[in-house]
Structure formats: structure tokens, C-alpha cells
Amino acid sequence: MSEMWINMGPQHPMTHGLWNLRVKIDGEMILDVDPEMGYLHRGIEKISEDRHYNEVITLMDRCCYVAGFAWEHLYIQSAEQALGLRPPERAEYLRVLCDEFQRIASHLMWYAAFVQDIGLMSPFLYGMRDRDLVLDLFQSYTGARMTYEYMRVGGVRNDVPPGFTDQARKVLDWLSDRFVEYDQLCLGSTIFRERCDDLGTLKANDCVAHGVTGPMLRAAGLKRDLRKDRPYAAYDRLEFDVAVADSADVTARYLVRMEEMRQSVRILRQVVDWLDRHPGPVLAERLPRWLGAPYAPIGNEGYLLKRHYAKGVGFSAVEEPHGEAQAYVVNDGGEHPYRVKFRSPVFANISAARQYLVGYHVADIPPIMGSVDVCVGEVDR
Amino acid sequence: MASPITAKEKPSENPILFVARPMATAARQFAKSLIRPATIVYPYERLEDPTFRDRVAVASGRPIGVGHVWDNYRGVHALNIATCISCNLCAFSCPDLCIEMVTVPGGDPKHPKKCPEIDYGKCSYCGFCSDACPEGCLTMTTRYELSVARRAEMVYSPEKLYDVFRTKLPMNPIRVERPANEDAILLDPPLCIGCNACSRDCPTQCITMLDIPKPAAKPGEKQTKRIWKEPVINDSDCVRCGTCISVCPKECLFWGTRK
Amino acid sequence: MQPDDIARQLAPKLGDGLLSVEPFPGTAGRVRFRSERALELFRAVRDDLHFGHLSMVGAIDWVDHREVFYVAWSDAATQYLFLSTDVPASAAHVESASSVWPSANWHEREAWEMVDVTFDNHPDLRHLLMPDGYAFHPLLRSFKLHEPEELEVKSRHV
Amino acid sequence: MASATLYSVSDGLASALLHALGSVLPGPARAAVTNPNVIVGLAVLIFAVILLAASMLNTILLIWWERKLLGRFMDRRGAMHVGFAGLLQNFADGLKLFRKNTFQPQEADPLGFYTGPCAYMVTSLIIFGVLPISSGWNAGTLPLTLLLALAIFSFAPLFIFVSAWSSNNKYSLMGGMRSAAQMIAYEVPILLAVVAVILVAGSFNLTTIVYEQQNYWFWGPLVVALIVFVAGMLAEMERIPFDLPEAEAELVEGWNTEYGGMLFAFFMLADYLRALVGSILVVLLFLGGWTMPTWVPGALTSFPLAGIFWFMVKTYTVFGLFVWVRASLPRVRTDQLLRVGWNRMIPLSLLSIFLAAVLVTVKCLPLLGCVPGVGS
């Protein structure tokens, strides 16, 4: 066979979403790749310009559909900075609760998709099954399983219901046992190691140069985690370790994500204990009119603009399950954000695709891209 | 600080063991699921059924739904037409513009009563409307089965939402605390003509028109038709819906902070 | 790292190319610079201040001018640094950062197609999220979203 | 227990039918229909129809079996709605595929595109003609049935490649290429492993091989050959971990990407026909075919058609093993398969031949912990 381009996507089992990986191959070898994005572009940044600060939250859940909480948290942090508000402490812990459970759910989703990519059939369903328990928890206090709309500028919508913490502990116990099974199914299998060792290697300096963050960067041995480096919410009051591996390949990414789930369980146990001991308000006491319960935006625009909140900008970053997400919110004093800009970690991770795909086989594309953990919703936004 | 996890832990080259570990795990799972697979056979078994949840939890050992709060689920809305005050807040707060206020029978002919009509083709179930509802008459229920044969059926009229209310489904018990609000509706007195529009349309009847002294007419000034009354707003009853601002013909009401 | 430190380290290299360094939430500070001296600034920030990781490039349309902003991260200082430059709307172009930080590549493509800021010497300035040949720049303020009534899909009568 | 054979049943059926027909016909016509040659012809036809129906039914049952087993491995239930425990689900699926439009890509070559799946199906079906199911339940006593079965079995990659090439799709082409490359890697070790069996049994005839196992099944002494054979069969059947030609994650559906409707159903059916054949071959060569060990109570081995019953039990168990492998192992890469084929499986199979030769020479077969068996 001579060289040819093949389109992996936009409808392809490897893509896990809508995108197109154009691959130039010679036989089974990859010579060049060119990711094409934009099939899921919904213009969230543009729509946000026409929405109230709280109404953007509904878009954030849809930004990344497997890590909605992380994006809500990200946006809320920036918006609070831009508007000069602080949430109560209990809300911060609740946000950590959401974030870490979301990290587990997202990593379980990644696990399911990743093992499916290398042909492991049953762990796919094990991952989905256990993720469902976390979604049950989400549903019990937010009322939805994927699109939570739970965090508010200035806090969170409501407190967790009574009995939640006990249930959360049970789920955490169950999940800790399952992680052992996952390792047996993957690491214990020589075929898995044959498939994944020394595959898709991206060394630390390449990661930094190409903006790669998250588990991919930590798998290259760089100990960088915003939760430790620039603690936000309640992370500075919680004990955990940063998962790092050193071989920078697909196996290393697997190990890092597995360890992150274990660390999340560790964090969550502390958070749940804290929540039991410290009742309190979950929403800031005094909020601007358009930030509390949503009030009518109608009325006299002229008067409205006369007494706006001080102009401000908000910039914040959170450690999303996929990596480092940033949001930049510009408040020009009106009731809508003037400009919202998001930095999606997967966006940067995919943009480096040429660095970690070229030179491997066609059959290696699914495991490598699986180990990147692509979520197209947040790439295209 | 934990030491870095090292990835290299080469599996043994023994070809027998190499299949043994994952296959043993799969077989263990097989044996477990012979007793009770994780599947919920949906139309026959429902997650919202507490007896079912407990049964499954016992049979499979999974912490499924033990203490699971199903009532918080954000499903189809229920509307209590009787207590609705037509304040429009649900429609204003909807980020997807799926709520339209439509006239329902029961109001007086001059000022018809308007209640929300929800288009579930657009609704994103964010719950902002029920959070905004000052009277608690628009809530979300646990109903989640919504498939219809025609798109027009996705639009739930107030009567249909009232039917949902009457089925006595578990209502979403979460009430968002209204934060103390520093905003109030203020009056710009020189502009007011005392037309009574705000007081007439106020959904909570919290605006009363009080007489104000009529200033002495200056010589040569043309007599205006000004009614010498002025609205006084009772802040504790006001739900801050802004209806008065929108109906004010002279734009003399505005948002502000009460001193 | 404080804004003053940054200013002190950057000033000798850039001279009048550096406009100001001011505090900025969540970061070590905001460096405002002249767009003509962009490449020098990027090199100085990467090599002298050791901000080796470029996280984000974006642009804002302020109607009369456009602002291009960069966010860099330093592992040593564990801090972000915010760089921004103003370019006139009539000639919105700035030197590409992708020769200094390869990660700028896609971010600049996005900024170009969204806010219409051209990045000179960019290796591959193509459409990223929008289809090829798309004539508009959606994040310009002049690009108005349709009124909701226009967007509404009328239900079919069946 | 050769009281009834499949051929004698169909022969009796044919002659009864034709004689009944002849009795109502006038003289010359009666003579014509009761001609022995006509009877034999009809008997062969009936035989073929029974064989076809039996193999198809078994294949569909096999798919159901896989779906149910795989479901439990994955902590779910498998097909459960159509018929009892979902037994009829596959018929419903087949009906659905049958009703679908058969389409052809614009640039495809119709000749290869249509003949590929048909030939794939036909070759898979032909093998059943030479497989003995129980004593006497086979088409004929050809001396070289084992070789014939394996020869037909290895036709498939050719037809896969034909249909892949003529689909004019890059994914199909890569799948076809992989299929062809894979064949070279696993056919040789399979045949070498079979040589070990032939050495011990002293015959190419499958029936004889089974009778040779009356006293001890071959899986004990020839365990190395069994491992090589099972691994090779997994590759031959294109099942995980060796399903690279249709590796779903990267090649969409591999060589049958462009097929839909009944043509796809042909591929699907033929895949499972081949899985059935593979399981049957394992049973015949290593697990004593329809024979059962002596410690099994006589009541369990002497009822009518007990041979077929136990044969089926063994076959479905062997297939269950394949399903277990599929449920717990990931897919290997092409180069890894080739490496395993050439570097591991061929030496192993040569070793198994050597072991078999030693065993035959020193005549110590029953000493090696094999299961003593008895003919049923």
C-alpha cells in the first residue's frame, strides 16, 4: 500500500465524540496526523455574552458532559472574582465534594471508554456501572444526573439532604474495592501491558512546550496539580497526594488516573466528615439582584446601568479531570459578562496529537487517544 | 508527599499466568452476576421504587439507592394554578426561553390571569424557574417519561401542568433560600403621574397609592391632569418581579437600594 | 513573584515596549506591552522569568480596539502570568507566539477565527472550529446573535 | 451404537416418501420414482437439508449462548425479551436484517462484493458435511476428513480479502490485508498442532481420531498442542483477542464495513458457523468427541442420541471458554499477533509434535494423567 490519508471520524468508534482525526498512513504506520475539530461547536462563549451570570451555569454543564461540575466550579470561581464575592465555607467544601466525585465519575467514564478501545469488553460495563453509583449521589442532592446546575455565584444551590454522607461513604467503600478489580483486569493482563507499554510517549518537556496538562503531564513525571500548586476552594485544608508516574506512556496515564481516583476517595472521606461536623449556610448572604434567585431582567435599562457593580475581571483555573481548565470572565458592569473565555485542557492535549501519534501503528491510535481522554464538548465549546 | 508511582512493573512472561488474572476476575464477576446482574430492567423495575432499590442493594451488594433521595429529581414541572400570582418570574428566569405566560380562565376580564406554559422541547430542566417562584406554586416533580408522538404535545399548557400537580407526585422538596436582597424598587417622584398602573398590576398587591399634598399652583401655570397620588411599596411583601417597572408609563420606577 | 519584580526584570529587555505591570486576580500580574515588541516579550517571559508553559491565548473585541491576552504558567513560581496587548481594530495583527511556545498554535487559530486578530508568521493559520471558508468572526461584538423569536423553530402542524 | 445414522434416517425417509408417491402413480412413473438412484439422490438432498437446518439452528443458538454468557460476564442480562430468555431474539434480528435493503457502494466491484459473502457462507457450511457428530452421524467415511475440514476452513481469508478489496473502502482494505497477514501467522501452528494429534491417533479420519480417544482423551497428553490449537482457532475465528481484521476501535468494522442487510447477516452467520466448527474441532480432536469417561454413570451415556447430546454439551462448553476469553482479554496488535504466531506458537507446536512422537514411541499415553474414557 502506498501512503494515503484516512479520516477517522467524525463518525468513528475511536473518536468518543464528534471530531475527525485525519491520519496519513503507510501500511499500518502513521506518518502524519491532523485533528479537525469543530463538529460540536456550539458557541458557548458567544451565547454567554447574552446571558446573566447565573444562566451561564446551564451552559457550563454542557461544556464537558462528563465533568460538568468541574466546569461549573471553574466558571463560578471566575465570575465570583469578577463580581467580588466570596462563598461561605460550607459551599467551598460542597464544591470540593462535587469536584472530586466528578473526577471519579469522569475517570470511570474514561476507564470504560479506554478499555473498550483496546478491545476489553466487560470492564467497559464495570466502569459504567460504578459510575452510575456516583451519578445516583449527584442526583440525590442536585436533582440531575449529568447537567447539575447546582453551583451558584456566591455559593451552591442547596445543601446535601440528610443521610447523604452515609450513602456517600458506602459508595466510596464500594469504589475502593472496585479499583482493585480494575487493576487486575488491566495491569494483570500481559496483553494489556504489551499493548500499552512504551506507547504514545510524550516526555515532560514536550508536554510543557505543547501545553499538555493533567494526567498526561503527570504521567510524564511532572508533579503539577493546581489543587496543590494553587489551592482553590477548600483544597488547602485537605490532605492528598499528587499521582505521578514516570514513563510517560499509555500505561503511565492509566496508573496516574487510577491513583487519582484513589486520592479522590481519600479527599472525599475527609470532606464528608467535615460536612457532618460543620453545618452552615451554603449561599452568600447578600447578593446582587440578578444573582440570587433570578429576578426579572426587565425594567428600565437606563436606570439599571446607572447602578452596576464595579467593573472587574475574573481569572481562575481548576484542575479538571482532564487537566487544567481556565476561565477568564470580563465584567464590564452590565448584567451579562462582557466576554467569557475558557481554556479547555483537552483542546491543548489534542493539539499535540502529532507529537504522540506519529511513528506508531494504526492499531495504536485508539489506545493512545483513549489515554488522552478526549471530551469534545469542552474542546469545541 | 507520596513518592512517585513508577509505571514499570513488568508482568511475568509466564504465558499461563498472563491470562489467569484477568480471566479469574471476569469469572468472579460472572459468578456474582449469576445471582443478580447490575441491570435494572427498566420498564418493569424502577429506580424510584424504594422497595426495589432495597431488594437490589441486598441482592447485589451494591450500594444502589440505599438512602437514595429520589424526590429531589428535577423532572416535569407541576403548577398549582390556584396559588399562581402571575408574577412572570419563572418566564424571566428561564435561560432557554421555553416558558411563555398564557391566559388562563379565572382572572378578571380587565387583567387576565397568566400562568406559565412550558415547551419541553426546549426546557433544560435547570430548575431556575421553580427556584424563582416566590409562591412555591411551580415545582419540579419526579416525572421523567416524556416521549410524545408529536412535537406539539411537548408544549405543556398550564392546565396540563396542573394535572401533573394533581397526580400528587413527590415534589422537589428543595427550596432555595432567598438571600436577603439589597435591591428594592424605588420611585422617582417628580416623574410620577399617579396613574395607578403599578398598583393595579402588582401580583402581590403590595403597592398602595397614597395621597400626596397637592402643591400650590403657581400663577400662570397650566393645570395638569396629575392625580395627586404616589405608590408606596411594601418591601417585605414585594417579590421583586419588576412588573410595576414594566407597566409604568413614565418610567419613574427603578431598581435601587432603599436607604 | 510580585508585579514590581516582573517589571524590574522585563524593563531592561523591552524598554518602552513594556507599558505596565499591574496586579491581576489569580495571577502574578498583568503585563501590558506594545504589540510590535511581542516576540521579544515572549522570549523574555519564557527565558528570563521561566514561564515555560503557555496555557491560553485569547482575544477580546473592545469595539474600538482589540485586546490579545496570553496566560503563561511557571512551574518554579507556581503562578500564572497574564500578558495583554492592545491592537487597533483596523489593523489587528500581532506576532505569533508559536515559535516561542508551540502550544500557542491552536489557541491562535481560534483567536484568529473568532475575533479576527491575525497572527503574523503563524505556521498554520486555518479555521479550527468553524468550517473552512467561514466568512464571519463570531466573537466580534458586531456579530449579533439572532433574536430568540427568529431562532424559534415553529412546530410542525401534524 | 450405530443403530441409526443420519444417512440411514434420510435414506429411509426418502425411500418411504418415494414409495408412497409411487403407490399413487401409474406404472412407468412408479418405476421411475422408485428407481434406487432416485432414492439415493433424494436421500442425499434430505440429508443436506437436515444438515443445513441443524447447523443453522445451532449457529443461532450459539449466538444466543454467547449473548447470554457475555451478558453475565459484563454484569448484565443479555437478550431477554423475545421468546423464552431471549431465545428468539436472533431470529428477530435475522428477520430485521433480511428485510433491509441490500445496497452497494457506488465504486464497489459488484462481482467480488456479492460473491465474497456468499462464498464465505458456503465454505463455512460445507465443513459441516465432513464433521462427525456422533458415531455414524456423518456424511461419509472419507479417509482424510480432518485435512479436508481444515482446508475448507482456511479458505475464508481469501473471500474476506475479495470482499474487502471490492468494497473499495480503506478500512475494509486494511481489514482484508490484516486478515490475509493473520492467516499466515496462525495456519501453520494450527496444522502443526494437528500433526501431533494425527501422530497419536494414527489417522486423518475424524471418526477414527474420536474412536482412538475412547480410552483417554487427547487433551491430557497433548496439552501443548491443545493450547496452540485453541489459540490458533481464536485467530481463525477472528475473535478477541485476535479480531484485528474487524478491530472495531480503529477499523470501524474492518472488512465488512460496507456491508449491510442480508450480506452482513451472511458474514455474521458465517462467523458463528466458523466458531461452531472451531469448537467442534476442539471437541473432536482433544475432548473425545461424543465419547464419555467410564466413571460417568451408564444411565447418562446410554439413552438415545446420548452421543449427540454429550457432543453438544462439550461443544457449547468449549465455546463458552472462547466467550470467557473474549470477556476478559484485550485485543492484540497485528505485529504482536504475527510475533506470537511465529515466535511462540510454531516452536510450541513443534514441541508438541516432538512430545507426541515420544509418547507414541514409548507407549506411555495413559500414564500422563489423562482422563480415561469409554465409547458410548
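Letters A, B, C and D name the chains as they come in the text, with residue numbers starting at 1 for each one.
In this section, a contact is a pair of C-beta atoms (placed from the backbone, for glycine too) under 8 Å apart; a residue touches a chain by one contact, two chains touch by 3 or more.
Owing to the predicted nature of the structure, the values given are computational and were not obtained by experimental measurement.
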Note the shortest touch-path length, in steps, from subunit C to subunit D. 2
Of all chain pairs, which one counts the most C-beta contacts? A-B
Centre to centre, using CA atoms, which chain is the farthest one from subunit C? D
Report the most central chain, judged by the distance from each chain's C-alpha mean to the global C-alpha mean. A
Where the CA atoms of subunit A average out and where those of subunit C average out, how many Å apart are those spots? 23
Centre-of-Cα separation between subunit B and subunit A, whole angstrom: 26
In whole angstrom, how far does the Cα centroid of subunit B sit from the Cα centroid of subunit D? 61
Just curious, how far off is subunit C from subunit B if you go by their C-alpha centres, in Å? 38
Mind pulling the residue numbers of subunit B that touch at least two other chains? 15, 19, 22, 25-26, 29, 38
Flagged in subunit A as touching 2+ other chains are 122, 125-126, 129, 185, 189, 191-192
Overlap residues in subunit D, where contacts from two or more other chains coincide: 73-76, 327-329
Touching residues on subunit A, where the partner in the complex is subunit C: 37-38, 41, 43, 45-47, 49-50, 78, 81, 208-213, 222, 224, 229-230, 312-317, 324, 326, 328, 330, 338-339, 341, 343, 347-348, 351-352, 380
Note: in the complex, subunit C contacts subunit A through residues 24-27, 52-56, 58, 60-61, 69, 71, 75, 78-80, 82, 101-103, 105-107, 114, 127-131, 138-139, 143, 145
Per the touch rule above, subunit B residues touching subunit A in the complex are 1-2, 4-13, 15, 18-19, 21-22, 24-26, 29, 38, 62-70, 72-74, 88-89, 92-93, 95-96, 124-128, 131-132, 140, 172, 174, 176-183, 240-243, 245-246, 251, 253-257
Give every residue of subunit D touching subunit A within the complex, in rising order. 70, 73-76, 170-171, 173-174, 177, 240-241, 243-244, 247-252, 326-336
Would you mind writing out the residues of subunit B in touch with subunit D in their complex? 15, 19, 22-23, 25-27, 29-30, 32-34, 37-39, 41
